[in-house]
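Once you scroll down, you'll see the structures, which are given as structure tokens.
Each of the two complexes below includes chain A, the first together with chain B, the second together with chain C.
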Partner chain A sequence: MPNVRKRGAGYKLQQIARNPFLYGMAVPGLLFFLIFSYFPIYGIMIAFKDYDFSKGITGSEWVGFRNFNYFFTSDDFWIILRNTLLLNVLFIIFTTVAAVLIALMFNEIRSKYFKRISQSLIFLPYFMSWIVIGMLVQSFLGGEAPPVNTLLQNLGFEPVNWMFESSLWPWILTVIRVWQGAGYLSIIFLAAITGISEDLYEAARIDGASKLQIMLRITLPLLVPTISIMTLLSVGKIFNGDFAMIYAIIGDNSLLYPTTDVIDTFVFRSMRQLHDFGMSSAVGLFQSVMGLIFVIIANAVTRKMSKESALF
Partner chain B sequence: MKSKKIFSFTLTALLSLSMLLSGCGGNNGSNNTEAGAADNAKGTEQSNSAGSPKETVELKAYFPGDKPAGFEDVLKAVNDKLKADNIGASLNINFLPWSDYGNSVSVKMSAGEEFDMYLDAPWLSMSQMIASGSIIALDDLVASRKELKESIPDQMWEANKFGGKIMGIPLGTVQGTLYGFVIRKDLREKYGMPELKTVADVEKFLYTVKEKETAIKPFVIDGRKADKLPAMFKDTLNTSKDSYIETLVPMFYYSLADKKVVGAWEDTSFDQSFERATKYYQDGILSKNIAQEQNAQTLFNQGKYAATYYAADGVEGLKYLDALKIEGAELEVVVPHDDNSKPYSNYQQWNFLTIPKASKHAELVMDVANWLSVKENHDLMQYGVEGKDWEPVGDSSYKQLSGYVFPGFVLTWRPQLERTPDNMLAGDKEWVEKAGAAEFFTLSPITGFSFDAEQVKTEYAKTTPFFDSVFLPLSQGVLPADKGKAMLKDKILGVGGQKVIDEIQKQIDAVVAE
Partner chain C sequence: MKQTLSDRLFSFVAYAILMVFTIFCILPFLLMVIGSFTDESELIVNGYTLFPKAFSVAAYKALLHSDALYNGYGITIIITVVGTLTALCISAMLAYSLANKRNVLQTPFLLFCYLPMLFTGGIIPFYIVVSQWLHLQNTIWALILPLLCQPFLVFLLVSFFRTVPEELEEAARIDGANEMRVFFQIILPISKPILASVGLFYALYYWNDWFMGLMFIDNEKLFPLQLILRRMVSNMEAAKNLIPSSAAISTVVPTYGVRMATTVLTIGPIILLYPMLQKYFVKGLTVGAVKG
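Moving on to the complex of A and B:
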């Protein structure tokens, strides 16, 4: 292996000059992030300003941390924060577990056609808009006589008043989330599994390992880096409530707010009358900064445990 | 070589982007005004020398929404007629998607794009546009245009000024809100009930349906619209007998007796409605699913309910015509009202045609607005080509022949010229016409007040979520009246709501003092 440490900037430029097309391929991506992710960072200023669009971003008056005030001093701040974190943690854990199980299962299926068809089917909910899913949920659980209750009664259970029981909703939302997202995630895991060397499996089979043993001793451990990277990526958004999802399903049903109101829906309701850019940006900034801190912490923890599973 | 090219491309891209953004910085309007003034002078001169054909100036307009079906043909007909009438203008109307209409217009404006008219509104960017001097006052321009002035009631002109000036042509068809109910007439007759006149009559009808019908439920309303229930379910509906009136700041009301601003929990005229809502909810008159209900219109039209919400705004009543397709179904509009009293109204409208300062053709825009206030021209733009898109039914109705539907609220709505669709329910037509008559209402003492939350932004942002989490459930009957009112009071005052009340009070006092 050549000496890595001594390569300086000159070497890098040389590399770029030598493979212009290879590096050129990165340009659209770099441009994309530059224009849509790095350039707008300039807008963070709005969170600290009394923004008036006729004066422009730079022309508006500085107000320090005033825009953050309303959110941090709201009565329901802790409830909303708890809901946001709790829902995201539930989503991350259950979606990942379900996706890994699905991927392991698919890996065992030998019939090509069955595999393809079932893969497409399990992938399908990912393409459904939350509005449509919200309507589906409403038609199953809502109305005066929800169809799900009829089913429950036929099975001999008591009917449930779904739209009143806020304690059930973190679980209902988790089920919906898993149904919607697990199929998509499983494809990524399946791709990682495909990358595992066939030699390992062959050796295991020769040694007389059972299917379950192969799954637990080879596939799963080799899948861990991918799982942890996917999880780290979702941890970055742990402070962002999925507005599209929650608002499409819960809507304005205040009876369910105690467990389903997340930062994004709360801010939406506060700003519906006020349209204040400064205040909304302040909350957005808070979410991003907390997300960044969480990713760094989670990454450090992962690094401690297994170096190659970490993101950076 | 290659990397150099890429670098220069990146640089160009970035530079053009930053130029685009820095355009937002400011718009130097002073020279525009001068040019506009010169042009205005020319315009007046031209209109004096009627007869000789004028040079046609194209006026550019931005409106929200989708382009109506068949719009090109109608616009061509409008422009032909403008030419024939020698107005000296033609229209170039651009429709922008609703989702980013507000943003695109303000970006166009601050980037200095020249266009001549657009729709603005208090719920859009009107106050900011006025504050930054981006739109022009129209008082003088309106005064000299007879048809325009007369097609809009004086009360409506007067009540829709901003800082004492006309900043846009108010576009609206009704002068105040009249609430009521759409009910199934066939069911009322089935149970031998006489025509419903009061809220108590409606209550009786709802309970009769509850008791006697198995497949049809009493009353449906969308969860979000349920904030209208407190106003609807009281005996003083559509009268001037309440001692509190709306401030249009949700959850806050104005007491006529002691001129004080109070929260909804103190508005005693709501006591009856809140108690009724609680009772209705428990008795199953209101759906148990009310908080989540979003399909009231469909459910009513499918014949699953006996009554629903109605407002005399020319739109709400038309939503329920599909219910007539149910065999044997007949509909009736019930608007409880005491003929001896005139409901309060502030005559406030929600949409305005405004002229940006950058426009060089303000006089011409107003000439066109005036031209559109002539019945024949108004009908052409709003209903399309006569005989092809619509045909008149009497003086105040029309029958639609094509799919052309112009969003009148962006340009053409004139209370005195509006026609109602010929398939409108008889009662609906009657009440929409009443709601369009300025004399039907009493001028609200706080007319002219519109809340500017700037001073109490933090507190206001904290109180608004309680509209959804407490006020709506209270209005829906989900939260029992006593508990709900106490909770609303606690919550709102707990986050500094008194500051919001004081600020509303201060602003109303200033308006009343004028």
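Moving on to the complex of A and C:
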């Protein structure tokens, strides 16, 4: 039976020739990834070159690890690395805790109308562009007399000069992040809670468990795999400062750089303002490699603890 | 079933927490919308309040004269419509091919599409590819092409197509339908819910994107709405410049109000469509949350 040998190259070619449309359909999508994802990977070699626009990628001179040295020994390196990691850790912890709490609370309430309306409203900030959010932040904290200060003064507090106080911004950004993302994340958790078998709840109720006990002993533990997958996904991006968010909110306010400048905003600035393509690429490469290593480590750790919680 | 006192207390706490968080989420929008209708002098003296003493539509009246805003709307609508339709088409075809069991190249294809989620070249090489190799800077294509395929959304489509029973396809093929007919006449019609939610996600990406504009567009004629708004975030004067000085408005341009009103107009379409679209988004997300 010649047809049984399914793995042969000849068989594959025959299959492809027989279903041209099935493979042809994938072509535009594959081309997209080739051009916009794989060509840039080829461009990584810029990190090892003294990039010159007129000479192009292949024509520019090799400089070994000079770009990396330059970056690793600069004072900025430790600051932006610390900011990137610190902000991401704050974002991940607070958004996850808030989202889990919201999902658990939604699971407890009975009123359908309240549930529907409240869900729609907390999901809304997720649909806004960071520019719109940046505008909101600017309107409430910026300007000569920030509205938030009027409120503070009415309550008897001292006004704060928000746009100068860099020490406050990790927390301000965390609040914004929770505001924007917790509702969205809670919907994913709520979907996971809906999947929990009703029998478990029934049994617990017969045993006389209180609502609080049911939540802590059944719902929360069964939610852990979903929580860990979502956290893993964010850990993979821990070296990517959220450029869209931070640049839209902080912009070019250099007074706030000490606590808010992250790898992505640093790369963007060195590219647009200093035209230092070599070093910017070196930083970008460092970021990609560290991100990849982090995903693999985090995944391995999760896999050890619980197989079903791992990503791959 | 009877509720104990502690259970009732617990429910009360649940309602209270959700109520507080809901108000926290919606309050900035309320203040902004009301702010855009508040008289400029009151905005400056009292800041944003939920119950302003003097209403005014001066900001919106001023914006009626802004050609830049009309232009921005035009650009944003074009990229959203063209981008979403093209993106949906490309992604659905790719996902169908990736999900099909008869595809002997399934594994390499999947790897090829998912690897970019884990490892990228970074923005510098990306910038060089788009501007130096493809020469897309200052064309509308720079706003459309780089966003055509989102791995996460392709992934949502693949998980959906995997759930379509194989027998359906086989039956059609036995009846003599070719691959193209199977896809367009059998698969697509039954995939409407997922196509709707993925399409909405793409539309949102296009409507809200400003990064491509920031990187590749210098020509103000090609500025999408988000970029016009970004200018006003970084520069107070930009709000005034939005209104041509020749425009026949008697009073001074209300700067704060114009900023608020532009923001409202930018998010307007989302807010208006939102009640209808929200259930699709939830459906799309739920599909994606199930591990594939």
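Going forward, the second predicted complex is superposed on the first by the 230 of 312 C-alpha atoms of A that agree within 3 Å, B and C clash if a C-alpha of one lies under 4 Å from a C-alpha of the other, contacts with A are read in each partner's own complex, and residues count from 1 in each chain.
The criterion applied here is as follows: a contact is a pair of C-beta atoms (placed from the backbone, for glycine too) under 8 Å apart; a residue touches a chain by one contact, two chains touch by 3 or more.
What you see is a predicted model, and the numbers here were worked out from it, not measured in a lab.
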First (chain B), second (chain C), both or neither touched by A:Ile102: second
Contacts of A:Phe266 with chain B and chain C, given as first, second, both or neither: first
Chain B versus chain C as contact partner of A:Gly251, first or second or both or neither: both
Greater residue coverage of chain A in the superposed arrangement, chain B or chain C: C
Partner chain(s) touched by A:Tyr70 [first = chain B, second = chain C, both, neither]: first
First, second, both or neither for A:Leu274, with chain B first and chain C second: first
Which of chain B and chain C A:Ile35 touches, first, second, both or neither: both
Partner chain(s) touched by A:Ile16 [first = chain B, second = chain C, both, neither]: both
First (chain B), second (chain C), both or neither touched by A:Asp52: first
A:Pro125 touches, of chain B and chain C: first, second, both or neither? second
Chain B/chain C common contact set on chain A: 16, 23, 35, 39, 53, 56-57, 138, 143, 251-252, 271
Parts of chain A lying in touch with chain B, wherever the complex brings them together: 16-17, 20, 23-24, 27, 31, 34-35, 39, 52-59, 66, 69-70, 73-76, 138, 142-144, 161, 163, 251-255, 257, 266, 269-274, 276, 279
Of chain B, residues touching chain A in the complex: 2-3, 6, 10, 13-14, 17, 24-26, 106, 110, 125, 128-129, 131-132, 134, 217, 223-224, 250, 287-289, 291-292, 294, 453, 457-462, 464-465, 467-470, 472-473, 478, 491, 494-495
Residue ranges of chain A in contact with chain C within the complex: 6, 11-12, 15-16, 19, 21-23, 25-26, 28-30, 32-33, 35-44, 46, 53, 56-57, 98, 101-102, 105-106, 108-110, 114, 117-118, 120-125, 127-132, 134-136, 138-140, 143, 145-147, 150-151, 179, 182-184, 187-188, 191-192, 205, 210-212, 226, 229, 236, 243-244, 248, 251-252, 264, 267-268, 271, 277, 280-281, 283-285, 287-288, 291-292, 295
Of all residues in chain C, those that touch chain A in their complex: 1, 4, 6-7, 10-11, 14-15, 17-19, 21-22, 24-26, 28-29, 31-32, 35, 44, 46-48, 90-91, 93-98, 100, 102-105, 109, 112-113, 115-116, 118-130, 132-134, 145-146, 148-149, 154, 178-180, 183, 204, 207-211, 226-227, 229-230, 232-234, 236, 256, 259-260, 263, 266-267, 270-271, 274-275, 278, 281-282, 285-286, 289, 291
